[in-house]
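Two complexes come next, and they have one chain in common, chain A, joined by chain B in the first and chain C in the second.
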Partner chain A sequence: MSARLPYLGLLLVLVLAPWIIPIIGDSFWLSVLTEIIIWSCFAASINFLFGYVGLLSFGQALFFGFGMYGVALGISAFQLSFWPAFFLGPFSATVMALITGIFAVRLTWHYFAIITVVFSLIFYFLALTLKSVTGGDDGINFSMPDLFNLLGFKLSLTNSTTQYLFTLSVVVLCFWLIKVVMASAYGRSLIAIRDNDIRASLIGINVYRLRLSAFVIAGFLAGVSGSLFALFGRYASASYMFYHVSGEGVVWAIVGGVGTLLGPAIGTGIFILIREIVSTHWQHHALIVGAFAICIVIFAPEGIVGLWKKLRHRSRS
Partner chain B sequence: MSQTIIALAINGIVFGLIVALIALGLSIIFGLLDIINLSHGDFFMVGTVIAFTTLATLGHFWPALLIAPLIGFALGALIQFSIIQRIKNNAALSIVATFGLSMIIQEVVRMTFGAAPKRIMPPISGTFGMFGIEYEWYRIFAAIASIIAIGSFFIFLKSTKLGVWMRAVRHDRDTATTMGIPTQQIYLFTFGIGFAMAAIGGVIAAPITTVDFRTGVDILPFCFMAVIIGGLGNLPGTVAAAVLLAFLEGVISGFATPTIARIFSLVLMSSVLLIRPQGLFKGLTK
Partner chain C sequence: MEKIKASFALMKPFLRIEHLSKSFGGVKAVNDLSLSLFPNRINAIIGPNGAGKTTLFNLITGFIKPDSGKIFFDDVELTHLPIHAISLMGIKRTLQIKSVFNSMTVYENLWITLSAQQGNLNPFRPIDRYPDIQNRVEEVIEQLDLGRFQNTPAGALSYGDVALLEIGMAIITKPKMILFDEPVCGMSPAETEKVVSKITALAAQTHIVIIEHDMDVVFKMADEIAVLAFGSKLASGTPQEINSNQQVKEVYFGTDEVDA
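Let's turn to the complex of A and B:
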């Protein structure tokens, strides 16, 4: 039970954040926190592939984009209400992950990293070309449908507290899903593939099929974060499908600590906080972000979570 | 119509030769140090900025062809020494480190040079008739300069002691070290050379593209494509692939938009990755 206590404490603070933040500061930070939570799910998707299966994807932005456009087009073009649109986003990302995964997971390591970039670039350029549908770089806007409308009792994500709590519960559900998956026999087979794929195949694990399924799960997670981000900004844009977005996610995950549940969330949180805090005072915050990433890989190659574990281990012994 | 296509095709070949120069640097760093260098495109960009600054301060374009590789080499060696060496050639960490580096380089250029894209005039003006079209002299110069740079790199690799050492370390690191080759210095040198070549490419390309702190991001995927389609570690293949890709994109952009041409080459690349991951040209040489 005691091992769960920090998790529950963190969850409690996060749930109460909409009421804590106005007491200690500007309510603008609530939207920053919402953004951190959304991108944490994106970093978790990269971590799921790299940290647990050993496949470094540089193309997760593709599925983020599909989630985003699934929601945006669902609402603006197909006139869907909230829940069908929110289903369409992750669903289209998952289908896309299955289709591209069939090809991509035949390759590993450098080749896998490069083919995932190539796939995401193909669809990025396609989205730029199909400007009438996607709006290209400018993107498309949509107005938010109600979360539900029951006997005159309305709940809508236009309220920032509702939006925050909705985002938080979806992402907590995703992290819980990752935890459950990784604790199962399936999850242990993934770890076996990561550690030694030849040995894994010798003991009867179907490496290709497992890698494919992990790729689909990761695509789903990226799709969820993209859908949430579309609802957060009430728009979708092709620019979020560019490989730079994937690259940032990879950096967040590795800096936080790959192969750990909360590492990606910590990495994402730190980077977005640096950006928000520094950019209000200094235009060139990218310098600090870049230098920070470099320092982490030099001085804490296991990421922040790894550094934390090491320090705790040292202080105990 | 056919004349536009001829012009676009030749433009493609010229651009492909410049890309080949950058991709070769990417390929030797990849092959020798097992590092995916995401900041490589930014050194191309630094080259274009050096060309612009040289022209603005000295009034001449030509000194940039000497200054850029020197700065590129020094910076490359410095980066290898201070960052890359410390992460012990771990590919995943190298991606993070070079991504951070890319952010820093772009931001420094944005700070000092400004965010607005700029253009410079070709130092050789005038056109001449060829295949029924008027073609710019400067682009011909750009092609020749790239060929000279690529050629001298291959001669360097084949017939100097350092070049042989570089090939030896790439072939088998441990044996090379036991034979007394100073592996660490070779790494330093390789990074320097790679960045110097990207910077020269930038200087050559500056008068025919825009000078902008973001150009590196656009050119990087193209260079990776050339490295992969040519076959990892196959340097002549890389050059051939770069020229072929740019030529095809040039021709296709005569019929469709440049974006569709880019999609075409990306699809071509994914088929190469899936069907012939060893590259298009494996088995043709030797």
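Let's turn to the complex of A and C:
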């Protein structure tokens, strides 16, 4: 029970945030927090591959983009209502992850990293070119359908509190799923592959199939975050499929701590806060981000969560 | 000795290798090798460096595919199966450079090994809810005297204890055959003795094949020895027979050209 207490405390604070934030500051921070939560799910997708199976993907933005366009095109082109559109986003990202994964997970290490970049670049340029469908760099806008509309009782994500709580529920559900899955035989098999893929195959694990399944799950997570982000900004744009976006996610995950559940969320939170606070005063905020990332990688290679665990361990013994 | 010879005709080999060949570039690592191994004894494969011993293990366990020839285990052809499928048939292997899951504890290493053999990939059932696996893991931990290290990450173990853990991972699934690739390589005399006695005790339960460089160990443990040289079988027989074989002596101990 005591192990769960910090999680429950964090969850409580997050749930109450829409009412706490207006008391202590500008309600603009609620939308920053929404964004942090969305991108945390993206960083979790990168962590799922790198932290748990040992595959470093620089192409997760591809699936983020598919999630975004799934929702945006679902609403604007196919006239779908909220839930079918929100299903279409992660679904198309998952299918895309399956198709690209069949080729990508045949490779490991830098070869894997390169092929994921290549895949995401192909579709980035494709999305730029197919302007009639994707809107290219400008993207496409859509108007938000209701979350539900029952006997006149309407709930819509146009309300920032509803938006926030909806986003939070979806992402918490994703993190909870990751936690459950990683405590199972399936999750342990992934860790086994990360540790030693030869020994994993020698004990009878089908390494290729498990890597592929992890790639698909990671694609799903990136797709969920892309879908949420589309709903957040009410638009989708090809620029979010650029590998720059993937790279940022990799930095967030590594700084927070790969192979840990909350590391990616912490890394994401810190970097987005730095960006929001510093960028209003100084346009070269990326310099601070870079310097910070370099320091973490050198002095705390296991990330902030790894450092925290080490310090706590030391103070106990 | 005569008795063993006579029983050959009655017994079926558990492992049958037929005209197996594998080249790397121009080098014939395994060259038209035919070999049958029979149950109820510890089989050892010896030979000078580069004789093709480890290549043979790699071929049997599916790490590499032969250029030609076939491998049968209990009359099932293994030749074109992937590593994990061969493992699931009950063929386990230890590696020359000891290899386990370093970030996992001793307990978890054994747990995942048994779970994988059962094809268990349930993503929702927590790992502490498998009483059957848990019992068997505790049994093996006791059998190998690894209790002190149960919750130690495998990466923090001494070399000898990693080797013991690797043996534990080989036996926990009650396999049909275990291939030991230089099981005592790099070990202290005390560790060697421990490992030798564990392997000898296993012979009653499973087929055992050993590659080993340490001749004292081989002649002490093995009931049947096959000698490889340049990828082919030079001789086979009991330790006494091999010991007195002139050809073996030349290739192995005698001439200066071959590095033993």
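Going forward, the second predicted complex is superposed on the first by the 317 of 317 C-alpha atoms of A that agree within 3 Å, B and C clash if a C-alpha of one lies under 4 Å from a C-alpha of the other, contacts with A are read in each partner's own complex, and residues count from 1 in each chain.
By our rule, contacts are C-beta pairs under 8 Å (C-beta built on N, C-alpha and C of every residue); 3 or more make two chains touch, one makes a residue touch a chain.
Quick caveat, the model's predicted, so the values are computed rather than measured.
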For A:G25, using the defined touch cut-off, is the partner it touches chain B, chain C, both, or neither? Pick first, second, both or neither. neither
For A:G204, using the defined touch cut-off, is the partner it touches chain B, chain C, both, or neither? Pick first, second, both or neither. second
Tell me which partner A:G9 touches in the superposition: chain B (first), chain C (second), both or neither. neither
Considering only touches as defined above, state whether A:A192 meets chain B (first), chain C (second), both or neither. second
Considering only touches as defined above, state whether A:S184 meets chain B (first), chain C (second), both or neither. second
Tell me which partner A:G247 touches in the superposition: chain B (first), chain C (second), both or neither. first
Between chain B and chain C, which residues of chain A are contacted by each of them? none
Would you tell me which residues of chain B are touching chain A in their complex? 36, 38, 83, 86-87, 90-93, 95-97, 99-104, 106-108, 110-111, 217, 221, 224-225, 228, 232, 257, 259-260, 262-263, 266-267, 269-270, 273-274, 277
Which chain A residues qualify as touching chain C in the complex? 180-181, 183-189, 191-192, 194-196, 198-207, 210
Within the complex, which stretch of chain A touches chain B? 50, 56, 103, 106-107, 109-111, 113-115, 117-119, 121-122, 125-126, 128-129, 243-244, 247-248, 250-251, 254-255, 258, 284, 286-287, 289-294, 296-298, 301
Could you pull out which chain C residues touch chain A in their complex? 61, 82-84, 87-88, 92-93, 95, 99-104, 108, 111-113, 115-117, 119-127, 130, 169
